[in-house]
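Going in written order, the chains are labelled A, B and C, and every chain counts its residues from 1.
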Amino acid sequence: MSVATHRELDDMLGTKWRKPAMVKRTWLRWALVIGFVAYLIAAVLSVEVNWLRVWEGLDRGAAFVAAFASPDFVSRGSDIWAGMLESIVMTVASSVVGILISIPIALGAARNIAPLPVYMVCRGIIAVSRALQEIIVAILLVAIFGFGPLAGFLTLSFATIGFLSKLLAEDIESMDRSQAEAVRATGSKWAQWIDYGVTPQVLPRLVGLSIYRVDINFRESAILGLVGAGGIGATLNTAFDRYEYDTAAAILLIIIAIVMALEYISGVVRARVQ
Amino acid sequence: MLRLDALTKTYKTGDQALKAVTLAVPSGQVLALIGPSGAGKSTLIRCINRLVEPSSGAVMLGDVDLTKLGAGALRRERRRMGMIFQEYALVERLTVMENVLSGRLGYVGFWRSLTRRFPQSDVDEAFRLLDRVGLLHMADKRADELSGGQRQRVGICRALIQNPALLLVDEPTASLDPKTSRQIMRLICELCAERGLAAIINIHDVALAQMFVARVIGLRLGEVVFDGPPDGLTPDRLTEIYGEEDWEATIDALDEEDEIEAAE
Amino acid sequence: MPVLESDAGPVWRKRTKGQALARWFGWLLGVAIFLWCWQRISDKTTWFFVWDAPDIAADVLSRATPPRWEYIDRLWWPIWDTINIATLGTIAALIMAVPVAFLAARNTTPSAIFIRPIALLIIVATRSINSLIWALLLIAIIGPGVFAGIVAIAIRSIGFCAKLLYEAIEEIDATQVEAITATGASRWQVMAYGIVPQIAPAFAGIAVFRWDINIRESTVLGLVGAGGIGLQLQGSLNTLAWPQVSLILLVILLAVVISEWVSAKVRGAII
C-alpha cells in the first residue's frame, strides 16, 4: 500500500461521512425540494372539502359497504343481465375487429419492416388513438352515430388499435434479425417472409397482448354506458342515482368476478403459448 | 469458543442436510470446510447464525446456546459473527460506504441507520477497513460499479466492522478468477491472524484450502468424514469425501502452486 | 408433425386430420360468435343515423372550428384542479399501496394463508373498477367536487401500484437480504437496507407511470361531477357549445402529451 493512500486515510479519519446526494448541485436540490413542497401545500389548500358533507356521507358509505355483504342481483335482474350481455357483446366484437386491424398497422409501424412513409402514417394513427381517452372518443361517436352499442363498439375497436399496434410494433422492432434474414435468404416473397420469419417470433406476444386487451375492453365497456355508448354502465349509473346500493354492489361484484376470471384465463393461455 | 453439539438439520422435504455434526473451534483458529456440492456446507454455516433454523442439537458460542435464543437476543449474538458470502451479497444500489456501515446495523438504532447518521467511531473504522483492503478511494462509488474481487473486499469489510469473534465464510472465491481467489483467501486469512478471529471457510477448491488453513474438515452427506491438518488429505481421504476420482492431479497441482508461490 | 403415407409416397402435413378438423371447428365457432355479437349490436343501432353520420360529423366539425380561444381564461382553474387530482391522488395511492404490496408479496407477507389473500383481494377489487365508477360511487357518498375525484383516483391506483410493486418485491435478490440479516440488523433495518434499495427504482418508475395515467383519467372525471376540466367539458357538451368543446379537447390532448413526455423523461433519468 502506497504512502499516498495512507495520507488520504489520515485526512479522512474524523471527518463526517454523508451519503452522496442524488442531485449533486446543492441549489438545484433545494429548489426541487422547496418547489415540490410549495406545490403540495398550494394543491392541498386549493382543494375545497365540505367536511360536513363528508361526515354525513360516512353513513351512506357504511351502507354501501354493508350492501356488498348483501348484494341484490334479483330486483333489477333483467336490467343487469341485458347490460352485462351488451358489455360482453361489445367486448368480443370490438376485440376481434381491433386485433384484426391492429396487425397490419403494427407491421406498418415497425421501422425494420415498413418503408418510411407507411411508418409515419401508422405511427400517426397509433399516436392519435393513444392520446384520446375512450370516454372522450365515445362522447364524440355518440354525437355522430347516436346512442347505442355501435358507438361503444367503435370506441373500443379504436382504442384497441392504438394499444395493440404500439406494443406489437415494438415487439417486431426488437425481434431477432438473424432468424428473419435466414428466411429472406431463401428467396422468399415479402408475404412469405412475414409468415415464416416474423410471425413465429411475435405470435406468442400477440396472443398474450390480445387477451390482456380483452380484459381491458371489458373493464372499459363498463363505463361507456355513462355517456350513452351501451353496456352495463347505464344500469350502474341509474343504480347510483337512485341510491340502490345493493344493486350497484351486485353489478360491481359481477364486474370484479369477470375481470378475475379473464385474468386467470389470460395467465393460463400466456403460460401455454410461451 | 464455538462448539456444535449433534447439530442436525432436516428440511421440510425430508432431506437430512446435517446428521448430528459435532465440532469444536477454538478461538483464533481458521478452518476450511470442504466437501462435494450438497454435502451440507452452506447449511452448516447458516445453522450457526440461524439464517437456517437447525432441527436439533446445540450451537454454543462461548457460553450461549444460540439455538435457544429469542429474536432479540439472537440479533445481539449475530453481531459477534461476521458473514461473507459467495456472490458477495452486497446491496447493489447502495454505496460502498453504506454497505460497509451496514455491518454496524446491529449496534445503532433504527432512525440513526435510516438517516445514515452513524457514530463517528464507526465511520472512522469503516475508513480504516476500506484503506486496509485498498478501496478507500471507492468509498462513495455504488456497489454495482465494482469488480468481483473489489466487491468481495467490501463484503469482508462489512463482516469485520461488526467486530466479530468469528467469521462465517461461504464459498468466498466461487465467483472469482483464480488469481483474485488467492488474493481474497490470503486477505481473509491475514485479517483473521491480525485480529485473532476464528473462521469457518466453506470452500470447494481443495488446493486453495490446503494452501491457507491449518485445519480441514471434510463433510460428506451431512457427516464429518475428515478432521485434520491439510497434509492428511491423501487421495484415499479425498475419495472418502468426494467419491472415486483420480486425485493425484490435484495434489500435483498443489505442489506446483507451492513452487509458484515460492517463486513470487 | 405427421407424415401421411399415400400412393405417391409420404406426404408431409403440419397437422393430423383430427387436429386440422378441430382447428377448423374452433375458427368456425369463433366466427359464429363474432357474427352473433355483431348481429346484436346491429339490432340496437338506428342505421338511419349511421348513414347520416358523415353529414353530422361534418356539421359538428364545422361548428367546432375555430375553437373559442378566449374561453381559455376560464379553464386555468379547472386545469390546476385536474393536475392536483392526479398528483394528490397518486401520492395517496402510493402511501396506501406500499403496505398492501408488502403484505401481498410472498417473501415479505407475515402470513401467506390469512393476510396475503386479503391483500390480493384489495388489489383485484380496486384494479377491476374504473376510476369513473369509483368517482360515481364517491359522489353519491361524499358529494361532488375535487375531493371525490382525488379519492376516486387514489382508490383506483392502489391496486395498480400495489400489483406492480409486489411483483418487484418478489423479484428481489434474497442473498442481499440475508447478508443484512446476518449482521444482526432488526426487522425494520433489514427492510430499510436490504429490501428498500432494491425496489426503489421500480417504485419510482411505477409512481411516474401511474401519475401519467392519472393525468389522463382526471381530465374526464368531471364528466360525472368529480371536478377538473371534465366539468367544463360536460357543461359545454350540454349546451352544445362546440367551439368550447374543441378548445377543451385540445387542452386535454396537450396535457396528455406533456404528461407522457414528463413521465418518459423521469423514467429515463431513474433507470
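Note that a residue touches a chain if its C-beta (ideal position, glycine included) is under 8 Å from a C-beta of that chain, and two chains touch if they have at least 3 such contacts.
For reference, the UniProt names are A, C = Phosphate-import permease protein PhnE; B = Phosphate-import ATP-binding protein PhnC.
This structure is a prediction, so every number in the text was calculated from the model and none was measured.
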Count the touching C-beta pairs: is B-C or A-C ahead? A-C
Let me check something: if the centre of a chain is the mean of its CA atoms, which chain is farthest from subunit A? B
Rounded to the nearest Å, the gap separating the Cα centres of subunit B and subunit C is 48
Interchain centroid distance [CA atoms averaged], subunit A/subunit C, Å: 4
Set of subunit B residues in contact with two or more other chains: 98
Subunit A touches at least 2 other chains through residues none
Quick check on the complex: what are the subunit C residues that touch subunit B? 173, 175-176, 178-186, 188-189, 192-194, 197-198, 200-201
Report the residues of subunit B in contact with subunit A in the complex, numbered from low to high. 95, 97-98, 116, 118, 120, 123-124, 126-128, 131, 134, 136-137, 139-140
Residues of subunit A that touch subunit B when the two form their complex: 1, 5-6, 8-9, 12-20
What does subunit A use to touch subunit C in their complex? 39-40, 43-44, 46-50, 53-54, 57-58, 60-61, 64, 85-86, 89-90, 92-93, 96, 131-133, 135-136, 139-140, 143-146, 148-150, 153, 219-220, 222-223, 226-227, 230, 233, 236-237, 240, 243, 248, 252, 255-256, 259-260, 263
Residues of subunit B that touch subunit C when the two form their complex: 49, 51, 75-79, 81-83, 85-87, 89-94, 98, 102-106, 110, 113-114, 155, 158, 162, 168
